[in-house]
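Multiple structures are listed underneath, in structure tokens.
You will see chain A twice below: alongside chain B first, and alongside chain C after that.
Then we have the complex of A and B:
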């Protein structure tokens, strides 16, 4: 069984990699298996974790969970064309809950925390510690303040990017480009490590060519 | 009626969650709504699974192009569903965890789902490489900055980067590529990230307000 699983994994791995040559039936077969298995995986996982784990095991202590289950059931009414419009109710709940939660969370974490972290003493290590910061720390703090401010100026589209405002926006683009470059570098590295993992599987676990 | 009730639900739920932050006894509302959210998500996934079957059965019936692969998709979906819902081969029967080692669900995940998803994502390495080629042709100042930042970050996280600038004395250690990569991450990158995060935050707040107040209604679809 273990041997079969190993060969099956290798067959499917090579099937997906064969797309590098061109779209072919081996790739399509692997892709079709992936779609079916993934969909089944998520339905089963959510069934046991959420429906059984959160609703079925908890409704005795918390009868209000039935409201959630009822809303979920209403979503299935989408399959009945005549009363399919009722499925908008659970959707409205999801949209309302997400809006309410995100409005407060983003206000706190994305705005307040970030602004507070940016507004810090430039020349000292604390508010009461005098001018004790080193040159390196001062330059880094300045870069952060200037970069955040000019980056925000770039995202302000209600005013034409001309003159001093345009100059600030241009500096902002430079900072945003560095951010994109850093993210790009990280993405390349994460994909490469996945590829190395699959090569390690093929050459090591499957073919036994590397230890 | 078909539009008003969903708009009212969105308004009440959204407002309640905002108010609950300011009134501590209602603080649990967030947890309760999150659990309801999770329960609704299960039904949404049932709907998605049903839709997947409908699409592929239709393709099969009409003998559309590549209909043979639809059989494979339906089979894969059904096998995973049966293996997981009935916990086939689970060491502790129905009471054990669905992904208990030794179960059919666990075996399929390890020998099919995991290698397929890892390879699918690793395939992106090749496409990223081709995108890099296009992005890294420093056509203007912005592209050059992107190129330099990405290059330093890539080199800084590899032993080659350490080897390349290891000879630089400690007094100017910032010029060593790994240290330069750390500085880029902690200063200019952080500044750009903050600007983007604050921008996203402002966007989310304005969109949330539009949704709660019923100005944005596109999620309701048409009038039918």
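Then we have the complex of A and C:
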């Protein structure tokens, strides 16, 4: 069984990689198996964990679960074209509840705390510690101040980007481009990691050529 | 010879190669490792061939895109056979996470959430193994869980790997007393929110079906206030963002994170704001954590392939730009 599993994994891995040569039936088969298994896995997982694990085993203790179940059922009415509009009710509930629940989280974590982290003393390590920051810390703080300010200027479209304002916006573009470059570099690293993982499987686990 | 015939020959050659080495593995051929001189020869040959491609491009002869794929494949595969490793420079955020773990008093409870699945394992599994190993070395109690269905399975794989170390095995760590796997719970970020008031409501039993109250390690763990530190290993949603927003900012949990490289740039904002107590970004983060913890495992081993691949990518960016300017497309774009 172990041999079969290894060969099957290798067959599917090579099938996916064969797309680099050209689109072919081997790739299509591997892709279809992957998509099918993923969908099946999620259906089974959600059925047992949500429908059985949470609703079926728990409705006696929490009758409110029937409200959720009813909303879930209404969502499925989308499959019946004549009364499909009813599915908008549970959708509206989800959108409203999620917005209400997460608005404060985002406001606190992604706005307030980030703004606080940007407003830092330029030349000192603390508000009451005098001019004690090293050159590295000062430069780092200046980069944050200039980058944040010019980045915000770039996204201010109510005034034409001309003169000093336009210059600041151009500096902002540089900061944004550097950010995109860093993200791209990390993305390349991430994708290469996936390839390295597959190579390690093919050459190590499957063929035993590497330790 | 027709293209179809060539394709069949190539497929046959790959199959034969695989069969030979597969049966070689069964017959105990052992692994292959290049001596240093051979590694150097391989590096020089790849470098010279890239130079040759650049010269061809300068002459106006463009290479096929499949050649680039072959270069990347070699750049990733060949370093796996090389015996030497590159120097790993450790970032402050990696030190920060390591220090946060090692400075915890023995017996402290560390919650590790495995929010990823096998596709992200090359980046996150080495982190998981190193972090669990550090926890066990420092006699910390480990509670693992997952917001992704395959997370707890990845946790078990990491635990199995850590227990291969004789030093860890000698500690005679007991499941339920020193570590526990609470398993997966559906509900994404709502699970974190409910855990803020009651772990047991979200995990009535562990991965093996043992009721929560019968597990000595977590019997007295009611919510986040009973956990000393947390590490989130994340490959997307739900992951570090949700843990920071709810567990850290609302409930005051101390947390470090290990992320896939794609996510890492976003997480640096949380790190700089003090919402994260250390961050491991991608495979390089895993390798750095191994270095600071004094191990040499897969993160370190894979970094050589990673660096080779990056050099090849950079080389082809240069070659691509040369081809771009050589072909005069820039002038055409400018309308000249």
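Assume the second predicted complex is superposed on the first by the 209 of 211 C-alpha atoms of A that agree within 3 Å, B and C clash if a C-alpha of one lies under 4 Å from a C-alpha of the other, contacts with A are read in each partner's own complex, and residues count from 1 in each chain.
The rule is short, and it goes like this: a residue touches a chain if its C-beta (ideal position, glycine included) is under 8 Å from a C-beta of that chain, and two chains touch if they have at least 3 such contacts.
Worth saying up front: this structure is predicted, and the values here are computed from it rather than measured.
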{"item": "Touched partner set for A:64, first chain B, second chain C, both or neither", "value": "first"}
{"item": "Chain B versus chain C as contact partner of A:119, first or second or both or neither", "value": "neither"}
{"item": "Which superposed partner A:164 touches (first chain B, second chain C, both, neither)", "value": "neither"}
{"item": "Which superposed partner A:189 touches (first chain B, second chain C, both, neither)", "value": "both"}
{"item": "Contact breadth on chain A, by residue count: chain C or chain B", "value": "B"}
{"item": "Chain B versus chain C as contact partner of A:41, first or second or both or neither", "value": "both"}
{"item": "First (chain B), second (chain C), both or neither touched by A:208", "value": "second"}
{"item": "Partner chain in contact with A:151 - chain B first, chain C second, else both or neither", "value": "first"}
{"item": "Which of chain B and chain C A:200 touches, first, second, both or neither", "value": "second"}
{"item": "Which of chain B and chain C A:92 touches, first, second, both or neither", "value": "first"}
{"item": "Footprint overlap on chain A, comparing chain B with chain C", "value": "20, 41-42, 45-46, 50, 54, 102, 106, 109-110, 114, 117, 179, 182, 186-189, 192, 194-195, 197"}
{"item": "Residue ranges of chain C in contact with chain A within the complex", "value": "14, 18, 21-22, 24-25, 29, 31-33, 66, 69, 72-73, 76-77, 80-81, 119, 121-123, 149, 184-186, 244-246, 248-250, 260-262, 264-265, 269-270, 272-275, 281-284, 298, 302, 305-306, 309-310, 313"}
{"item": "Interface residues, chain A side, partner chain B - complex", "value": "1, 5-6, 8-9, 12-13, 16-17, 19-20, 28-48, 50-51, 54-55, 58, 64-65, 67-69, 71-73, 75-76, 78-79, 85, 88-104, 106-107, 109-111, 114-115, 117-118, 136, 140, 143-152, 154-155, 172-182, 184-189, 191-192, 194-195, 197-198, 201"}
{"item": "Residues of chain A touching chain C in the complex", "value": "10, 14, 20-21, 41-42, 45-46, 49-50, 53-54, 102, 105-106, 108-110, 113-114, 116-117, 179, 182-183, 186-190, 192-197, 199-200, 203-204, 206-211"}
{"item": "Residues on chain B engaged by chain A in the complex (per definition of touch)", "value": "2, 5-7, 9-18, 21, 30, 32-50, 52, 66, 69-70, 72-81, 83-85, 97-99, 105, 107-113, 115-126, 128-129, 132, 135, 141-143, 145-154, 157, 174, 183-202, 204-205, 207-209, 211-212, 219-221, 224"}
